[in-house]
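Look for chain A in each of the two complexes below; its partner is chain B in the first and chain C in the second.
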Partner chain A sequence: MVIVPILCALFLNLLHKKDRAIKAVTIILALALPALPLLANYGFHYFGGYEPLLQNPTLSSNLPSFITGGVLSTFHPAITYSFQSAQQLFVFILGLVGLLALFTSVYETRRPSGVYAYMLFMGIAAMTAILLTDDIFNLYVFFEIAALATVGIVLVSNIKGNYETALKYMILGSVAAPLLLLGIALLLGVTGNVNITDIIYSLKTGMVDPQNPVLLMACGLIVFGWLYGSGLPPFHTIKSAIYSKALPSGSAMIQAFSVFTFIALGIVILRIFSYLPLSQWVILGVSLLAMILGITMAIVQTDIKRMIGFLAVGELGYIGIGLGLGTAFGITAGLFQAVNEVMITALLFIGFGVVLYQTGVSDTRKLGGLMFRNPGVALLVLLGGFAMAGVPPLNAFQSKLMLIQASIDAGFPELGVIMILLSIVTFMTFMKAFHTVYLRPKPADLEIKTETIPKATVISIVVLLVVCIIFGLFPHYVTSYLQPLATSLAGGVA
Partner chain B sequence: MNLYDMIVKKIKDIQEADEDPVTNLSTTSMLTAEITLIASVLVALVMLRHLSNILMIVAVLVVLVVFLTSMPIMGRLRKEQNDSLSSMMFYIIIALTIVITLFYWGNLNV
Partner chain C sequence: MDVQLGSLLTAVALIVIGIFATAFLDNLIKKIIGLAFIGDGANLFLIAMGYKPGGIVYIYLPGMAADWFAQNAAYPLPFALVLTSIVIGASTMAVMLGIIIVLYKKKGSLSAAKVLGE
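The block that comes next holds the complex of A and B.
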């Protein structure tokens, strides 16, 4: 699941400037992305080493007893990847959004770029590894690859101001990412391990003092890296700027990277540091801030992509609330919200991308009257907006309802009130954008291209919407994939 | 001067001369964002009841007074959250300080 997208990326890069070949090969290779997690078997995979000695009697029989009889036999000498039902769902959704983004990009651009497809595939490979790995240093390596792929996607977009925004993102990343690495180094220094399961074992068995100040510092630094990777405050401004400077297909992918980084690092923080009560409070506080700042900033935006970018930041807050509540039901709801957000935001970026495709304008003050030009796409985008706001029977309604129930069950009804209030404002923000783009009279100076919308774009929007409706109608089917992970994170507490 | 005109005037005062004109749509958006921000923060502060009821009452009253005396906040907040690298860097350093302080001293002393 990681190697195949990397090979696809390298192969497509070799096809640079061979337009027709790129288009055909990209579509064929992209079809493998959602198929791979469906075909793979659940279990653990070991790279660069063996499974723990405890599970390998053949190897341990030749070793002295002070190794096989002690704690060393439980440790993971290899880079361990864990593939369970939750990871299967995440990688499938990532692959699906990747497929549709690649599909859209090759038909929306006149000359498909092998470099652009390379960036998308590399980002998908990195994100898959982040979701699967149980090794925190390996996670960091792919975290950096995903950040570079993000910058690459923005650089090749050819949108005004993209270079400046990408450079700012890299500068801010050069501050935040090394601090994340420092946090991991401190964790390694204290526990002697980079395998997350082994780190937890060291903490639970008293091999390491859980209140060691270096460990607390490591937790703080990892949380800071989490803020950067997922675009939580104070990184929400640059993240929304990054979304607005990428092509619609690129924005759809970058937001998926942000959401999956959010849950991957959030799960790591919960697994290792859940014994610190403050960690859950910090997750809740940051999530609340992201929700409030993201959604209030979204409503005052005049650029559609920037508006969706801020809404995406606000929606991250909902996921964080679920994780921060710390109950199995809350975490399931948060992870379900993450899956839903990835699809809905991708739908909106690709859907509003049609406006950019036809007019070249993303400023809502200069747009209008597009309903008469493409009512079908307008309807699909409208339904996507309803999904984001949590209108029944769409998927985000189910996940937001679960989140509200979880917050009440956990003794925080205030969070439920805030989530309802912000969902209403999300609805209002979307309707404002929809009205200005589609419903009000067309400005006299607005030029609309006569070209028809690529069928690939419409197909992508329809597929995403159908998945949103299916997830909304059958939420238990999706949550059954997430419950085992959520229960283990909550320590078996329902 | 009615209330709406007062709000428009206040937004104009905060915005610089080179910014876009204040329209009905931008005023409504700003007003919605303002009310949402205040309401959300006040409701969030009610959660302090888990620590202390007195702390919650004091915090809600203090923040309410601060909000009422410094309205409109959203205009300033929007201006503050711009794409300037120096302002982003400033908030990043502030956030790093808060996070490290919370985790380091918060866990050791609470």
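The block that comes next holds the complex of A and C.
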């Protein structure tokens, strides 16, 4: 699941400037992305085949007893990847959004770029590794690769101001990533491990004093990396700027990277530091701030992509509330919201991308009257907006309802009230943008291209919407994939 | 001074200097040098974690007793991690410098205030 996208990326990079070959090969290779997690078996993968000594009697028999007889035999000597039902769902959704983004990009661009497809594939590979890995340093490595892929997508998109935004993002990233590494170094210094399961084992069995202040500092530094990686405040403005400087398909992928980084690092923080009550409060506080800042800042945006970017930041807050509540039901709801948000935001980026494709304008003040040009696409985008706001029977309605129930169950009914109010604001923000772009009279100076919208774009929007409707109608089927992970996390928190 | 403590203090100094340079210097190249300081500080911090007073290089040679080797060898994991981290840092730096070259050609300045509009 990680190696295949990397190989695809390298292969596509070789096809630079061979437009037709790139188009065909990209589509064929992208089909593997959602298929791979469905074909793979659940379990653990140990790089180099080095499982813990306890599970490898052949190797153990040749080693001295002071290694095999003690706690060392339970530790993981190799980088470990864990693939369970929740990871299967996450990687499938990532692959599906990746497939549709690649599909859209090769048909929307006149000269498909092998480098652009390379960046998308590399980002998907990095994100898959982040979701699967049980090794915190490996997570850091792929965190950096995902950041580089994000910058690459923005640079290749060739939108005015992209270099400046990419540099700002990289400068901030070059401060945040070493601080994340420093947090990992502190964890390594205290526990002697970078494997997350082993770190937790060391803390729970008393091999390491959990109240060691160095661990608190490590937690703070990892949280800082988490804020940067997922675009939470104070990084929400640069993140939404990054969304606005990429092609719609690229923005759809970058937001998926942000959401999956958010949940992957959020899960790591919950797993390792759940014994610190402060960690839960930090997650809740940051999520609440993201929700309020993201959604309120979306209201005043005049750039469509920037508006969706801020709404996406706000939606991250909902996921964080679920994780921060710490109950099995709350975490399930948060993870379900993450899956839904990835699809809905991708739908909106690709859907509003049609406006950009036809007019070359993303400023809502200069747009209007597009309803009669493309009533079908407008209807699909409208349904996407309804999904984001949590209108029944769409998927985010189910996850937001679960989140509100979970917050009441956990003794935080005020969070439920805030979530309902912010959903209404999301709906109003979206409807305002929809009215401006589609319903009001067309400005006289707005030029609309006569060429038809690529079928690939419409197919991508329809597929995402169908999945949103299916998830909305059968939420229990989706949450059954997430419950085992949520239960184990909640067990750790309790 | 203890070698490990000295390394940790140097790492902290590098990070503080780097953050200062990134935040307060206007020249983009100087900002990048500041970022390199932060990365190097984090790497030095990580490698100092593997230091063992009086330890030996973690290469198991024929004739060594396993118990003696396990007790005296330095911890190898941080060294492997730092190697990876250096590669990542170099790639990030290369991309940033590449962007700065493009921006310099477009705007004719290396001032962050002029180029990035801050």
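Keep this in mind: the second predicted complex is superposed on the first by the 489 of 494 C-alpha atoms of A that agree within 3 Å, B and C clash if a C-alpha of one lies under 4 Å from a C-alpha of the other, contacts with A are read in each partner's own complex, and residues count from 1 in each chain.
What we mean here is this: contacts are C-beta pairs under 8 Å (C-beta built on N, C-alpha and C of every residue); 3 or more make two chains touch, one makes a residue touch a chain.
Keep in mind the model is a prediction, meaning the values are calculated, not measured.
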Chain B and chain C placed together on chain A: clash or fit? fit
Notebook entry, point to check: Does the superposition put A:192 against chain B (first), chain C (second), both, or neither?
Noted result: second
Inset, instruction - Figure out whether A:119 sits in contact with chain B (first) or chain C (second), or with both, or with neither. - result: neither
Quick one: is A:288 in contact with chain B, with chain C, with both, or with neither? Answer first, second, both or neither. first
After lining up the shared chain so the two structures overlap, which partner does A:179 touch, if you call chain B first and chain C second: first, second, both or neither? both
Worksheet entry | First, second, both or neither for A:67, with chain B first and chain C second | second
Which partner does A:296 contact after superposing on A: first (chain B), second (chain C), both, neither?
first
Practice task
Give one of first, second, both or neither to describe whether A:171 is in contact with chain B, with chain C, with both, or with none.
Solution key: both
Chosen between chain B and chain C, the partner touching more chain A residues is B
After the superposition on A, what does A:6 contact: first (chain B), second (chain C), both or neither? neither
Practice prompt. Scan A:422 for contacts with chain B and chain C and give back first, second, both or neither.
Written response: first
Across the superposed arrangement, the tightest C-alpha approach of chain B to chain C, in Å, is 5
The shared contact residues of chain A with chain B and chain C are 168, 171, 175, 179
So, in the complex, the side of chain A touching chain B is made of residues 165, 168, 171-172, 175-176, 179, 211, 213, 216-217, 219-221, 223-224, 227, 233-238, 241, 276, 278-279, 282, 288, 291-293, 295-297, 299-300, 302, 365, 411-412, 414-415, 417-418, 421-422, 425, 428, 432, 436
The chain A residues in contact with chain C across the complex are 63-64, 66-67, 137, 140-141, 144-145, 147-148, 151-152, 155, 163-164, 166-168, 170-171, 173-175, 177-179, 181-182, 184-185, 188-189, 192, 194
Chain A partner, complex, touching residues on chain B are 20, 25-26, 29-30, 32-33, 36-37, 39-41, 43-44, 46-47, 50, 74, 77-78, 81-83, 85, 88-89, 91-92, 94-96, 99-100, 102-104, 106-108, 110
Per the touch rule above, chain C residues touching chain A in the complex are 15, 19, 22, 28, 31, 35, 38-39, 41-43, 45-46, 49, 66-67, 70, 75, 77-78, 81, 84-85, 88, 91-92, 95-96, 99-100, 102-103, 106, 115-117
